[in-house]
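Should a chain be cited, it is by its letter among A, B, C and D, assigned in written order, with residues numbered from 1 in that chain.
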Amino acid sequence: MNYSYFPGCSLKGLGRAYEESLIPVMRHLGVEMTELPDWNCCGATAYMSVDERQASILAARNLAIAEKAGGQDLLTPCSACYLVLNKTKHYLRETPAMRAEVQQALSRAHLDYSGNTKVRHPLDVLVNDVGLDAIREKVVRPLTGLKVAPYYGCQLVRPYSTFDDAWNPTSMDRLMTTLGAEVVHYPLKTKCCGASLTGTVPEAGLRLTYILLLEAVRRKADVISTVCPLCQFNLDAYHGQIERRWGKVRVATVYFTQLMGLAFGMSPRELGLNRNFIPMAPLPPLHAQPSESSTP
Amino acid sequence: MNGTNHNGIRIGYYICHCGHNIAGVIDCGEVARRIGVLPGVVVSRDYKYMCSEPGQELLRQDIRAHDLNRIVVASCSPLLHEHTFRTAVEDAGLNPYHFQMVNIREHASWVHTDHAAATEKAVDLSRAAVMRVRHHRALTTTRVPINPAVLVVGGGIAGIHAALTLANAGKQVFLVEREPSIGGHMAKFDKTFPTLDCAACILTPKMSSVRAHKGITLWTYSEVAKVEGYVGNYTVTVRRRPRYVNEALCIGCQECISACVYREPKFPDEFNVGLGKRKPVYIPFPQAVPQVVVIDPDRCLELKTGRCKKTCVDACADRNAIDFTQKESLEQIQVGNIIVATGFRLFDAKRIPQYGYGMYPNVVTSLELERLVTSSGPTGGEIRLRDGSAPRSVGFILCVGSRDLKTNRWCSRTCCMHSMKLAQLVREHTGADVTVFYLDIRAPGKGCEEFYDRSLKEGIQFVRGRVAEVTDWALAPEEEGKLVIRVEDTLAGFVRRIPVDMIVLAVGMEPQSDAQSVRRLFNMSCGTEGWFLEKHPKLAPVSTFTDGVFIAGCCQGPKDIPDSIAQAGAAAAEAMALIDRGYIEQEPNTAHVLDDCCGCKSCIPLCPYTAISFDAGSQKAVINEALCKGCGTCAGSCPSGSITQNLFDDDEVFSEIEGLLHA
Amino acid sequence: MKITRTIKYESDRVKGFCDEIMRIPGCDQLQACIQCGTCSGICPLSIYMDYTPRRVIALVRSDFKNEVLRSHTVWLCASCYACTVECPRQIRITDIMYGLKQRAIKEGIYPRNFPIPVLAKEFSKMVLRKGRITETLLVMRLFLKANWRAVLGSWRLGFGLMRTGRFVLRSERIERQSELRSMLTGKNGGNGGIPKEKS
Amino acid sequence: MPSEIITPPASWSPRIVAFFCNWCTYTAADLAGVSRMKYAPGVRVIRLMCSGRLDPQFVFDALRQGADGVLIGGCHPGDCHYSEGNYRMLRRFRLLRRLLADLGYEDARVRLEWISAAEGDRVRVVVNEMTEQLRALGPLDLPGRISEWNRELAGNAPGAPSSAAASPVPEVSHA
């Protein structure tokens, strides 16, 4: 399985632990990822607020480079990038005038956009292309007893994504069960984490993050599993500020790929787990695991 | 073609303004002027309303004064007024088929904004009709006798009322119902709005009249399997499912039910929408008609395993009504008209997961609450939460599944009133705080606004806003252990969280899941939403495009009980109008074989009505006019052009094409 | 208590504003709104907004341009798309919010002393210069520009990021930056196209 | 006869002759009207009881008389008011399509659509789509071409111009 890989700016910065865990996990499953040459910022939500045309060109440039690179599906781990790239595809298909404008801009760099590249999220690829059976085979250290709150956030499932339900997505739930973890009922799984408002308008943004943490604690989750660098940052790095405002809501938030890596027997450090503000409680030593752990 | 002799052809052309409908876009005077100069056109006029009595009179006078023998009227769709004008032409002494209609309203003025182009189109269409009408021949209709029996499909309130109306007029009626009892949705209701009179008191006497009426043959637990023939002469095959109880012998004593080897009712009871339990042998509800038990083959031990003690048979004793050997049977009946009253189904609330139906036990549908509030229901009329306690606060969410492009875009019309009725009953029974979350209160019926007024005075809270979600996570102390509704109070202008004990979802109506196959069975059309399509929303609201097939009740669209009954009466009257005339007049658009038929027989297998046969004597095909329904398929495919179709003759169509294109 | 006048006169409307917004791709369904409030009810941030999303739609439809563009509402939208997915009329409310944000920036009448539009503009400037975003640098710029006191307030966060190796100071940039800039601005090289602020 | 050949291509709009069956597509066109949907005015509808009545000669004749395209509308398969008239027409249409292709006509000139009585909007979409496609193809102008060929034949030119070889003259032999 070969994919183009669009890391996005966050995975090179605040979300580097996501990339650090994604790459070994994918390699372990035999998935080839080739980083898109000279990719640029997807435009994200902020750019959309300023200039729609320029934002579309930014996204389209990446899609055009992916086409030029061979047209494999473009793997996009960041939810914001995933949404922006899919949304741009959608609008360029729907609005011929905008498409013509974008096409003209791309032609300045001898690039061409056909709209055929599929933008995929690693969760989609892992569950639907690699398959849960293949993943189960690689589990050497089942996460038995670990209570996971699966948190999908907003932009992965809404509104351009089609691989899971917008209201009650289940792919990560199934993935976590495959790893041997116990999935807690987490009704806030698609609620917004506050996005960049945690930094800009903390009184609003942090409260959203707080509600997510509070519910995870109430449901007795050991760890929240995320798919998005911004969600992870908000739920992890703002813990101190949140607890100072509203009291203790201690629960670690990690990338779903980090949990996969742990189940595959990789070390926490290798997976970037040391980059968390709120550390995840170490898994019990392997020999304490029940013996059926090796059966698929 | 232009060689046609115009001598003797005197055409009158009339273009209708239809008030502003046509004249607002099309320059009618200009069209009349340009058509007036065509060869053969003697009179060309524009007039405000051609279909009005003065308009028709204008036609009749001109026919007499100018000795016209062909008439063209350009106005609305022929499906609307062709018959009107043919009758007017006939009144003036012309053959009604020496008339041609041009549709410049639905096909031009209403669909185009460019006045010049629409006028040009009206001229082209009119020229085509003028050229075509020259070729029209005098035709006569044939009369076919009508079978006076009527089939009514569906035994809800609409079907019951239609059947009784017809039977009371002395007609023979077959009433076919899929469920083991008639009664439909109405039988499940406690009280009816806006009068709050008891539903059973209205319905059950009608149900027993059906059973008692000599003119009605009632077949429950049966479905129509096949419909053949045409108006006046339908042959209908009905599939009768086995009840495993002989209807003629069962007296409804229900001893078999008490005697069943299942001591306690164990299986979800359909009538109580799963809130109650029944045994494998059961009677759907106490007032069921017919009062005949039914045995559920999926639950009955004997039918499943063949190894039951059959205590029911012993209980039935010498009446011997129970018959485990019953098989499905097919019965054939002959009827002249069919009334389809197959009703609706309720929207599945699980399709809107954010309201938590199926996830939170105290989220119920309006029909479930209806069963809880009924004294004959599973709780004896006590409104109870799943834990057995009485709710102290109840929220009603309206428009569930309705007015939503993702589910059903229509308004279901009854849910506002239905919810207000239930809200009043909840207050009456429990004294709970009731909040109704609505988008717009639609209470336009007679006495309905007054009912809304009364609901307000009863202390029911109304919050205008579509509920965004129902959750069980508390953010404030008063929310602990409750269901929390999050909604924008759009009148107050802010978001509210409202904790309640019970939530009632006012689920909308949608077409039955098998509406498409039923539609095909009776050769009807469905609208975009899937409701059966009436022939015309105003002029023919209970007719369909198939003559002799009528629709009544909610299968045509959501409506309340008074409207369903009114429609049922209208459908019965339409059927009676046909029956009492005694014959059907057939459109003379039948096909005929010309002398130059070479006898290749290629047309014979094409006819869907097997109206074409081969005459060995003359070595030509022959069309049986009584069987021909006038589709023209044979005429369209005859390799030697030796079949013509009346009203759609080659000459007529070719002149129409020429007229359309040649300025 | 301060008494304010809330009546609106016809002269307060900017005729044609709604039509203008409806021409933006994705905003064309605006007129189908039935004012049900699902958007506001599902919006996690509507509780902080001066006008709820439903009211923003109503204001746009009635051409109350200044009220809309000066409101905090559009800037508080976190783009979670819940409203877009839930809207029973399939109105793309999030995209309408974007359309309004662009309009506000273009006209320079967004709320002052409010960090979100500043973030959006700093973000786009950084992309135009470097092609990529270095979050820590962006946040520092933002704090310096909008609210320098916050930099002191969040020292713990910054320290934590450094401790966990997530505080990146090396600026990310793409190789063919001038090519990207010429695509975006339609000009070869230069610094054109960076939106200018009206005063 | 067309005294003026419409020259400015911007204002030229194609003429479509449409054959609609009485029960489905004609009713759908009525519904489009009742719903006040707007579509291109170049289409002219001829009502047939069933699409099964459509004689292929009607199509040839419409093109010969100057139509730029022909649209045929019938009930969806399985929904024919006469059970199977639309299937019969479909069989004929397949043949007709091949014949037209052999004669050099573009596929977009003759189109078959199943449109039920409820699909008023489909009428609008199909007419507009077809109008755009025909606009892109340009005028067919068979009457003009036929008279040109007739002139050439009368002039008895031995080396016929290439346009004649590429352009078809359908044999129409009705009436």
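Criterion: a residue touches a chain if its C-beta (ideal position, glycine included) is under 8 Å from a C-beta of that chain, and two chains touch if they have at least 3 such contacts.
Everything quoted here is computed from the prediction, not taken from an experiment.
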item: Comparison of A-B and B-D (more C-beta pairs in contact); value: B-D
item: Identity of the chain that, by mean CA position, is farthest from chain A; value: D
item: Approximate Å spacing (C-alpha centroids) for the pair chain C, chain D; value: 51
item: Chain B and chain D: spacing of chain centres that average the CA atoms, whole Å; value: 35
item: For chain D, residues that touch 2 or more chains besides their own; value: none
item: In chain B, residues with contacts to at least two other chains; value: 354
item: Overlap residues in chain A, where contacts from two or more other chains coincide; value: 167
item: Pairs of chains found to touch, sorted by chain label; value: A-B, A-C, B-C, B-D
item: Of chain B, residues touching chain A in the complex; value: 353-354, 471-473, 475
item: Parts of chain D lying in touch with chain B, wherever the complex brings them together; value: 1-2, 13, 15, 17, 22-24, 26-27, 29-30, 32-34, 36-39, 41-42, 44-50, 52-55, 57-58, 61-62, 65-67, 78-79, 81-85, 88-89, 92, 116-119, 124, 174-175
item: Parts of chain A lying in touch with chain C, wherever the complex brings them together; value: 9-10, 12-14, 16-17, 38-41, 43-52, 54, 57-58, 61, 83, 91, 94-95, 98, 105-106, 108-109, 154-155, 158-159, 166-167, 190-192, 194-197, 199-201, 203-205, 208, 237-238, 240-241, 274-277
item: List of chain B residues in touch with chain D within their complex; value: 1, 77-79, 103, 105-108, 110-114, 117-118, 120-121, 124-125, 128, 520, 523, 525-528, 533, 545-546, 589, 606, 608-609, 629-633, 635-637, 641, 645, 648, 650-651, 653-654, 656-658, 660-663
item: Chain C - residues contacting chain A, complex; value: 24-26, 44-45, 48, 76, 78-82, 84-85, 92, 98-99, 101-102, 105, 115-117, 119-121, 123-124, 127, 131-136, 139, 142, 146, 154, 156-157, 160-161, 164-166, 168, 172, 174-176, 179-180, 182-184, 186, 193, 195
